Amino acid sequence: MTETNTSALNPSGDPIRVGVYVCHCGGNISDIIDTKAVAAELAGHPNVAVSNDYMFMCSDPGQALIIDDIKANHINRVVVAACSPTLHELTFRKALHRAGLNPYLFEHVNIREQASWVHKGDHEGATRKAVRLVAAGVEKVVRQDELFPIKVGVEPHVVVVGGGVAGMSAAVALAGRGLGVTLVEKGVALGGRVADLDRVYPTEERGADLVQDLTRQVGGHSRIDVRLGSEVVGLDGHVGKFAVTVRASSVASEDQDRLVRAGAIVIATGFDHYRPAQGEHGFGESPAVITLPDFQSALRQCPASQTSLQANGRSVRSVAFIHCVGSRQIDGVHAPQADGKVNDYCSRTCCTATLHTIRQVQSRFPDVDVYDLHKDIRTYGRGHEAYYEEASRAGALFFRFPDDEPPTFAASTGGKCAGTITTRDILTWGEELEIPVDLVVLATGMVPRDIASLIDLRKLPVGADRFLQEVHPKLRPVEIGVAGILLAGACQGPMDINEACTAAQTAAVKAAILLANPTIELDPFVAVVDGERCDGCEKCLAECEYKGALTMADLQLAGATVRRAVVNPAMCVGCGACVAACPPRAVNVAGWTLDQFDAMVDAIVAEDVGALAHTECRAGVRHIEFAVISGGN
Amino acid sequence: MSPEDDLKILIITTMISSYPGANTVGQARLQYSPGTFIVRVPDPVMFPEEFYLDSFAKGIDGIIIMSSGSDCPYEGAYPRLSKRVGRVYARMKEQGIDTSRLKLTTICTVCKAAFLKEIREMQQNILKAKAA
Amino acid sequence: MAASTQQLKADVLVVGAGIAGLQASLDLADQGKSVVLVERKPSIGGTMINLSKVFPTLDCASCITTPRMASVAHHANIDLFTLSEVDGIEKAGGRFRATLTKRPRYIEEDKCIGCKRCEEACTVFLEDDFDHGLGARKAISIPFTNAIPQYPVLDADNCLLCGACAKVCPTQCINFLQEPTKVEVDAGAVILATGFELTPIAAKPQYGGGAFPNVLSPLQMERLLAPHGPYGGVMRPSDGQTPSSIAYVQCAGSRDKSLGVPYCSRVCCMYAIKQAMLLSGSLPIADITIYYMDIRAFGKGYEQFYQNARAMGVEFVKAKVARISEGEGHNPILRIERQEAGTGPEEVQHDLVVLSLGMVPAWKPSRGGLIAVEADTDGFLKSPSMKLSPALTTMDGVFAAGTATGPKDIVDAITDAGAAAMAATNYLVRTQAAPAGHLP
Amino acid sequence: MSEGEQQGDERKGNYAIEQLKQVRATRGAGTPAQIERSKRGKEMQNLILKAIADEAKTVPEIAAETGLPEQDVFWWITALRKYNRVQDERKRGDFVPYRKK
């Protein structure tokens, strides 16, 4: 690892000369605040070389004032007191840049939204406040270093983990974009769960056709390297430069491991069907109770010529479907899962899948009586509601059971039917019903695949529902807490096919953004460590939530090897949690140092601007050269 | 001038929520005392306990930390901040500084009324503490 | 004064700057693609910026939308046109030629400093669109607090031409003579993010058809719940009273064939639950009842959110609401039949009622204009590959994002937008790779 | 380019009047309905502000005093509140009293 902390003087080596510019904002500020007085008072600050007021600082002539002063008056720090920085901070940074000054040697002081507009009745108070705020701005900017964006080189390659429809969609999208892809699939073929499906709702396409379509597209891309029967067993590095170890399960020896360098990783490991507990609605106790996926595959194998539905050697005259098996579970009613928790989430797809299957039964075997036992019918998607309506119209009977009273099934021996379902029906005012049935189909939900080994490689965040947890469930749905690792499909939560494909393509676009250029430019506002102040106490490490952002390393300092905290700017988010924990103040967030804040407080409490101390040329951490490191070890 | 205006209240705001929240108050032209000094930070979690104690020693009368609360974009930052503020309170007690002079709260980008209420309450607290 | 037509070339034209259009634009621009983003309203942000909080995180909507709006507005690769309409888009040789009309704001944007003095000076009070009529605006006004761009719009239809605004403007940026201008865009691909509208309240005469002041649309309730809402709290529009009993009527515009909306609008259950939770927070003693058919809390974390609302005491009643009438003091009276009780029809009175209106497309291909893509039977845009590539439309090179392809919540709209951006990018790669005889 | 301040001064006084003359000639300054509405609005504002000039009152109280419909009173209170002409007082029962600022 190389990280150079160049101790330099002011860029030009000149003494610090601050230019202060106080904006009238066409009266918005100057009607309340005496802008001329503010400028005059600031002229008395020992570091201020130029102090002016002006009608509209954001106008072209206003910006020209600053540029001229930088060029002609050797101004090397700028403070503008005007509206909110959210409006014009960038405008002025660009002006500095045009004048050849590092754009970060600028401080924007808000004396409009947070002063003149909110202290209309107190001209004197508002003016005094403005003086203090501008002085604080000056104190901050004299302690400001030049900053440069952090550049990280990238590998234009993505590893996609999982070869179901989500993984294949992501791979096809990325390859189409011109990126290399390694598609890692644990099984012997691509296609995942969709390959098991007969027809899919609401388009009535064949699952096999969808898979074939995607497989053909994957095969058609020379940029996609498909690794079947393989798993990811190693994951090092960081966004832009991951090192992924892919191991073929058929090969026993470790030296067959393949190291893939990738700029981003897409996880598309999918889901498992919920397996009902022994005795759950009679499951495992009677052959008449089966899961929806098993029933679907039985239907698929049943020849089109067959006119009656057969199960367990008998003709099925009535079938009951029970919703929410393994989903929407309630503590104390349902048996907990291995982690001690119940599956309290909705599995999203089972309602429509059940009604879609009911429609298939009704159209192939019109004489079969269909019962649907549900909590709520959640046919939310486009075209889904029609299945509900058609099933109802074709004679399916719907019963709504209370959340905490799941229906029970009792097999009958030698009776006319396979057994009896007992349920309470809310729709008929809580009446208890007994329904004789030949077959019970359990609409089982989704549970996450066991990907513990993958999760452990990078401590990937997992939610209370055991699915992978995105950064923000609303705004950043396909990103996970580790930059450069993206989520696609049901590894994140229950989804149907089009939702999984959509998520996959979104994951692809996020990867494409990261890898669009040979380098990623990151904001310079990350933690920096002053190697001379750091005493290697490691207190900061415990504060950092971002794995790999802050580590200890042996550095050469004045001929001796010392252990110091080092920041990986590609992984640091600049929150500053480490800053507070550092006794010698060796770590700071660039652009927001504690010395700056202390000096700002000094300016706020100072009685007189002129009494503030003159600050000499700064020395400290400057230009952060981040040489890309490989691996995280 | 009212006694409130003579106070120096430091308001620490976050880039993501309370700083724009303070702007919203301005856009609505709601009025408060000029003895208020708003500084913005990526996240107040960066300040060590000493920062608060030193600021009081320098002559700051009250500090309101307007955090982003659950909107905070940084992993684990809010719980750390709130723990640290707890420790600052303990040290304030030790040093005989009235603890009502420090307040940790959450202000969103459009929390106008809450913003004004925090300032008003802080002023009252400080004046009460001074009178005592 | 005849304004010359502005000519622009871009990789992608994005129509609509709601959250889906914003996200699609960012996902393209961040890859280095140039984007022209067109919004017909004066500010970007769509419906999301109009909301109080979002489910299930209860994040403040404004707080999480504004940064994204700002990113778009400041992005070097995005050319933003607000208050602009797409007149039409023609495809030729794999590329697209669009004509836009930029309507006048009657202010010179390069001079405006967003100080609102004009708005303070204006004497014409009008019903505010952002607050859905509950609040007021002036004939010249910045559309809402966090509007981007922060420029006022002069409502020429309602301006009395008194000149008060021009008199106080510190930059003299008001220009009463502005005319619409034309912009021509040559784009490599198109993304339609045209969004949705609520099903019209007027189409439900049995629920008062919009005539009862205390029967609100869900977006009106969003404004009442917003911290910067028109009343500064939840009150009844009829008299300013704090309500102590509030009811939600679910499926008031969805799963209803008579309205031509047979489908489920996906978001109504969740926004009703969210609003109910927010209400029970701000009005702790109020009773909140949700009359529903099925609770469709299907998204990640949504079921848990629903169960929390139940635990908090929000009452869920499975019942059909047949009719709403108005009693004394504008109290809404609901005629309902409880399905769980079997007690027959009854009448219940509440202080305030919210109709959970559904979603219909804001732009329908059947309406013509814009672009010749096809709609599905539900009126939303049709995808030829609904399962594998939902972002496709029936015209190659034109993609859809957000609620243009059906009702969607925010997270689904955002995910959708990414997929559309990816598809558009790959179309650009494809069409640029084989340019012979295609590109103009 | 001249300085912003001077540029402003040059334009002040005449440009808007000239423009308004031109626009009034072509578009007319508001329809009779708009002018009536505006007049009515001003009347209601004045009545309401007068009613709450010395004492904070709730919407029903203002309506009773002015004879205006409660709904209209509340809308105008909302409008005046937004533009800082009216302020809220501590809630009385289910109603907020409003006072002229």
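Details
For clarity, chains are labelled A, B, C and D in written order, and residue numbers in each chain start from 1.
Everything below uses one rule, namely that a contact is a pair of C-beta atoms (placed from the backbone, for glycine too) under 8 Å apart; a residue touches a chain by one contact, two chains touch by 3 or more.
It should be emphasised that the depicted structure is a prediction, and the values quoted were computed from it without experimental measurement.
Distance between Cα centroids is largest for the pairing of chain A with D. By the count of C-beta pairs in contact, the leading chain pair is A-C.
Distance from the chain C centre to the chain D centre is 28 Å, each centre being the mean of its Cα atoms. Rounded to whole angstrom, the centroid-to-centroid distance between chain B and chain D, based on C-alpha atoms, equals 36 Å. Centre-to-centre separation between chain A and chain D, using Cα means, comes to 46 Å.
Under the contact definition stated at the top, the residues of chain C that touch 2 or more other chains are 57, 59, 64, 170-171, 232.
Touching two or more other chains at once are residues 20, 27-30 of chain B. Shared interface positions of chain D, defined as residues touching 2 or more other chains, are 4, 8. Those residues of chain A whose C-beta lies close enough to touch chain B in the complex are 84, 86, 110, 112-115, 117-122, 124-126, 128-129, 132-133, 136, 481, 525, 543, 545-546, 573-577, 579-582, 589, 592, 594, 597-598, 600-602, 604-605. By the touch rule above, chain A contacts chain C in their complex via residues 25-28, 56, 58, 83, 86-87, 90, 165, 169, 173, 176-178, 200, 202-203, 205, 210, 213-214, 327-328, 344-346, 348, 376-386, 389, 400, 426-430, 465, 467, 472-475, 477-478, 492-494, 497-499, 501-503, 505-510, 512-513, 516-517.
Here chain C touches chain D in the complex through residues 120, 123-125, 134-136, 138, 156, 158-163, 166-167, 170-172, 174-177, 213, 230-233, 235, 237-242, 244, 330, going by the rule given at the top.
Of all the residues in chain B, the ones that touch chain C in their complex are 16-17, 20, 24, 27-28, 70-71, 108-114.
Chain D contributes residues 4, 8, 11-12, 15-17, 19-20, 22-24, 27, 29-30, 34-35, 38, 41-42, 45, 58-60, 63, 70-71, 74-79, 81-83, 88, 91, 94-96 to its touches with chain C in the complex.
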